[in-house]
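Notes to accompany the following structure.
The letters A, B, C, D and E name the chains in turn, as written, and every chain counts its residues from 1.
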């Protein structure tokens, strides 16, 4: 696996003041491009556009964050959290990492021409305190934010405790909104429900028109990055279903896709040499066993181990996911994206690097199962996730070989969630959202505070794994220095091997297709400057400022 | 001799039943002169209604005329096209159906049904004509605005007859117009028809299976059996001297309210299945006078005095050993 | 008159009962709006807790903690007053009225026209087939349409797509209501685009729905033609066409009309699949979406709308029969 | 329906019409009925013995193969799925579930229609009003959304749930017809006659009334079965069934989700739908044929010229 | 119920009582719905009796209540008022299944409409066989079949074995009517309520059935209530004739006496309307419209008064009662003269 690691700076290191510096190698031509051209995005939203752009509305912020609203700092998940300054040209952590000071960029203007100031930043964060509904990432409640203050062009966020893990949220995922708009009218009185139909932001684009079928963005002429964006228009049609979106991508009608396309080489790639795809992995798809003692079978270590040993993850990847999602490994560290944290040797030492059916059978025997007393297990999954269904069909076959009878229960999203969250299952097929380092996913999976008693809704630790030692390691991470952080993650992942709390099967990827006929500057495996799928926010903004039209260069 | 109005020759009608066709009217001949009242009797299912519909060319599948002609005022109705027929219908001959309940369109008022007819013929008729004919049959013209279901059975029958009189046709074909009525009502309706006929001079072909009913009203009588005409002649003549054993049987079978009370006997057996009639004479299996030739030879209509009868007993060229 | 009052009473009572069901059934579904929303979000890379979402939803007017009976009363009130609230599903915060307002014209335009067209066409063809019983049309039409009436909606849709919309030179578009590049306006280009996009879905509905009407109408027609009054009309010399439509057709049509109203619920249901396959942004698709995202306000409004539409249609058809059939008028 | 077949060998007697033989003969003589019955028989055979129709290599239709998304070929008559499963084998093995849904749901809905419809007619008064209203409500409720809700509520789209849902949503139309018919029977003289004869009320309802409605009941069953086939397929196509089960709707769901059509595999995308359609057609044909048999007026006729050579 | 009735119900000498007797038998129907219910007086205060081995013919205008009387006697309708006595016992006291069953066995009914009185789902033998099973439990299956065949043959349906196995739709109206008749014959009845049992028969077959009725009376002592429009046939078989008009019995007496010497103007009208090929046309009724009177919420007075040529003032205010005007001959008319010499 190439293209990762290298000279990228992890979170916390001093940052460059030139936003385009880290991407200067991108886009082939290097440096500036002429403006012109447009891109059409094909990404199934499964709904028609409501034409709302409120960045605090979790249902619609995908259409505004990155396009219109920008964060303080961009954090690149694909480069282990490398940062790119955006509205903050720099930031510094206090030594104890419980306070951070952003330097607000000069010369930025809102798309309505008003100047952007530190006041806007403070306003944005303060509103989140006053209106809890705006505080999507629970910064004031969960992360321990205590104050936001401005001094000149500096804005300081103070926390109760070390808060580095939340940097990704508050610096990267919160879009800054203009105080002069948001402090009047409905935006002020009901900021959470305000529709924000004509959003004013600092981002590269503004909304030109919106209908239920299509959002059309135009370049923001006031954009603070000189010469950018190169593209003058973005079309974002509302696709309701995969097939039409896929067809449009294959035909080149849409150039930027975030789609799962079955048989993609044949259906998409072969249609044109300019059709490309890249699926960078960011998190795990896993069999989540219920570790709670109330589930006597799956809380048995030997059973979990047997499953882990029995799986041929390469096959699952190849057949179930058509090879698009790479095989995962039992450490829970996504490779190659986070290879830096990946302890390959530990994996091999435990024998999890390849399937081991004998070991699996032996474990099952030790747990008291045999041909006459077969281990029968139920796994829940979500109706409509056909690749999961396919993977499970493969897994079912694999487990059958060691004498485990797996029956797959496809549930409607709602029922699935309910069962998963409340722990009403034996096995669940599930995936989590990653973060800029494996820490984020591992914390979600293993931290006992993210769990809940059976019957209560757990936030992310659905397996109900509870190990004080792991909790301690996770707690240490926030205040640790980068090298220690790497060590901590390796330590945490060793428990994945030891306790097998969850059993990763494949790595979930960003579905990403791009067409280079007229457009270039795409994120690629060699230049992973942002998560490439258009549904990633605010990464979409990074891509949009790097894309340029080849025909416009002539 | 009054002029010949209707001349039916060799008329044959078949019902297509999928397997063997049912010959419901079998080579029937019939003559009607202007102003004449011809009664057609015969037991149920012998093809009376079918004959009427064939004459008026109103059959629809699965029935079809498979032979013969119907000459009305010299024109053959069988080969005439729908358009010409439509023009003649009702103006030259009209039909009163078996049950008035079903023959009147339930969703149109009586008046509207009159108007329909008038419009279909772009005949210049008086606006008052519907009211006039209704009055003729003894119905208050306010019923022009009524719907069929608002009238009693007798009134509906009368309304039908009024409708048939609309253009004063030459011939009115009536299919058991009184079968739904009780005797008193039936009687008064018959008397009315007879009076109108006298007044307006149209001819009537009147179907019933009630022998006694026609006895008082009809001039000529046609007795049908199993799709065939078995006896034809002046009503009085037939009643006085039935020449066909079936007619005789019929006349013997009903009691009278006057005169001496005599024990009566019916005709044993049941009418034949028209899809596979018995060989030879169709009445032969039930006939008290049958002899050995009867199952062998199909009788024709033979002239016997004033009447015609389809019985081998009257066949001129047959040596009748039976006698 | 009493008949009409009875009908109206029935209307109100049924509507109320259906509305009550409409309220409770969605609430018996597992999951909740906040979980639905949370699921959607994970794709975009944010981790938002369920509690946080509850706060957000409360802001949008959905309070799951409220007593169910109070919710019900509030619901009845809001349904009657037309304050249908805002979506709490995938279109979080959008007023339900505007969501429906956007989708309704398309559904009415496509599904409505296609359904009515199917009914009218079917009735006409059925009339002719029944009239010319045993003729060429009657020989071909019923068997063919027995087959088409048994075809699954979505399969016909797929077939049409594979015939006309897939391949190197698709003849017709297979999705959406108009080209995404266009802005709705009354221009030739836009109208043409709308028509082009409507052809396949409309044909789907037409092909599958018309058969049933043809067959029932034909059978009604045949039965009616056997009635004496039709023969009577012929005897009166009334021209064939007038008998066909004015006598037989009209009377055969009456039961069909009631049947149309009664089956409207089924028709609307079927169109969900059509809209789903063709990505047609109408009410059907919205219904599906609202269901999977537990969007109570939207679901309730849609349920109400459909129930009301069917009920009103039944009522109208009843009145039509009432007007057309004097027997019905005196019956009650 | 196997009785239909048994009747095929019954001797066709002449003049005297033996009613049972008559019904079979009527079915045999009706081309629609013959085609419908033959189709249904074929499906019954497929459902009962799928193994007979599938080459040995594909006896596990769910077996994952190495060659996904193959075009039809000698070894895979209808190609393979995205998981390399044999489409033809899946198609054949799916018959059972689809047929079971059709028959069981059809029967269930019919029973419910009869019970509710006939009780409404017989009980009269308030019971009638209540039951009629219930029927109307179910008739008026938008079916498909209701099904989606119910299927979602039931949690998992397994067979039982789908069948229950289909029964719940499919009975109302029939119940209305049943009620109307039972109402019209209520004052028929033959029921009075049975009472005058001295029969008990229960006997009259069960033995005298229900058999007279048999043609409506059969027609209803066929209609309900058709509805069930189509609706179940629609549900499964939307993913509301159990994607791991073998049924035509599920096959379509997979085909749709794995882009069978857009990948140029129409055999995979269309054949299950065709199977649904054919099963539906067989029910529809039988239904219309049944109409024709019970109402001779509807039978097709030949048009004859007014004058044929005689 | 009056005390007298109670005594009667308690059981008088059943041999002395007529086979069947009605007292003040009345049946009203509610017509019109909702807030304006109206009463249709189908049968009003009718008294008559049927003796053993007697054939009583009941004739009258369509809608005059003939079928209603038959249905009342058969227990299809419950009387609005009045009582029916069977062999001296009041019918309302037949509560037990045994009583009910024995009455039903003794008094079967032939329904007027043969098209609706046979269950289309069963072979035509169904009714006959069920009757036998219910009322002659001593027979085994084979005997029942034999017996059924016998009665079906008795009504002139041959070959019985074939006819029995047909379905109603395979029979003509006349054949069905005879099946209905056969059903009534099946179980040795005492009184057959025959509601127009021959209306759809051809004259030739009709006479056969009439002869059968006469024979049954002679050989098995069966009584009949013979409802008909066909006065001539009534004369042919009946001992006694009853004429109904608008829910009232207007005349009753020995058949011959009523026919030869009608007392009531309606009887007169009726007889005059009967077509008879052997008699000349009678006159005098041409002006009659033949419309039946309305019996919905009637006012007192003779119900024939509007059509009556002899009506006097009294007819408009007083409902006439049956008066004896000749031997066994009664009529309900204010104007009618008694027989001279009585």
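One rule holds for everything that comes next: a residue touches a chain if its C-beta (ideal position, glycine included) is under 8 Å from a C-beta of that chain, and two chains touch if they have at least 3 such contacts.
Composition by chain, UniProt nomenclature: B, E = ABC transporter ATP-binding protein; C = ABC transporter permease; D = ABC transmembrane type-1 domain-containing protein.
Everything numeric in this text was worked out from a predicted model, so none of it was measured.
Common neighbours of subunit B and subunit D, by the contact definition above: C, E. Simply put, of B-E and A-C, more C-beta pairs touch at A-C. One inter-chain figure worth recording: subunit A and subunit B are separated by 92 Å, centre to centre, where each centre is the mean of the chain's CA atoms. In terms of their C-alpha centroids, the spacing between subunit C and subunit D amounts to 23 Å.
Centre to centre, using the average C-alpha position, subunit D and subunit E are separated by 50 Å.
Under the contact definition stated at the top, not a single residue of subunit E touches 2 or more other chains.
Residue numbers of subunit A whose C-beta contacts span two or more other chains: 243, 247, 412, 414-415. Looking at subunit B, residues 61 sit in touch with two or more other chains.
On the side of subunit D, the complex with subunit E involves touching residues 16-19, 188-190, 192-199, 208, 211-212, 214. Residues 62-64, 68-69, 82-84, 151-152, 155-157, 239-240, 242-244, 254, 256-259, 261-263 of subunit D touch subunit A in their complex. Contacts from subunit D toward subunit C in the complex involve residues 32, 133, 136-137, 139-150, 152-153, 155, 173, 176, 226-227, 230, 233-234, 237-238, 252, 256, 261-262, 266, 269-270, 273-274, 276-277, 280-281, 283-285, 288, 291, 295, 297-298, 300-303. Residues 242-243, 246-247, 250, 261-263, 266-267, 319-320, 322, 383-384, 386, 389-390, 392-394, 397, 408-412, 414-415 of subunit A touch subunit D in their complex. On the subunit A side of its complex with subunit C, the touching residues are 45-48, 50-52, 54, 57-62, 77, 131-133, 135-138, 142, 169, 173, 190, 192-193, 195, 209, 211-214, 235, 237-241, 243-244, 247, 412-415, 417-418, 421, 432-434, 444, 457, 459-460, 531, 535-537, 539.
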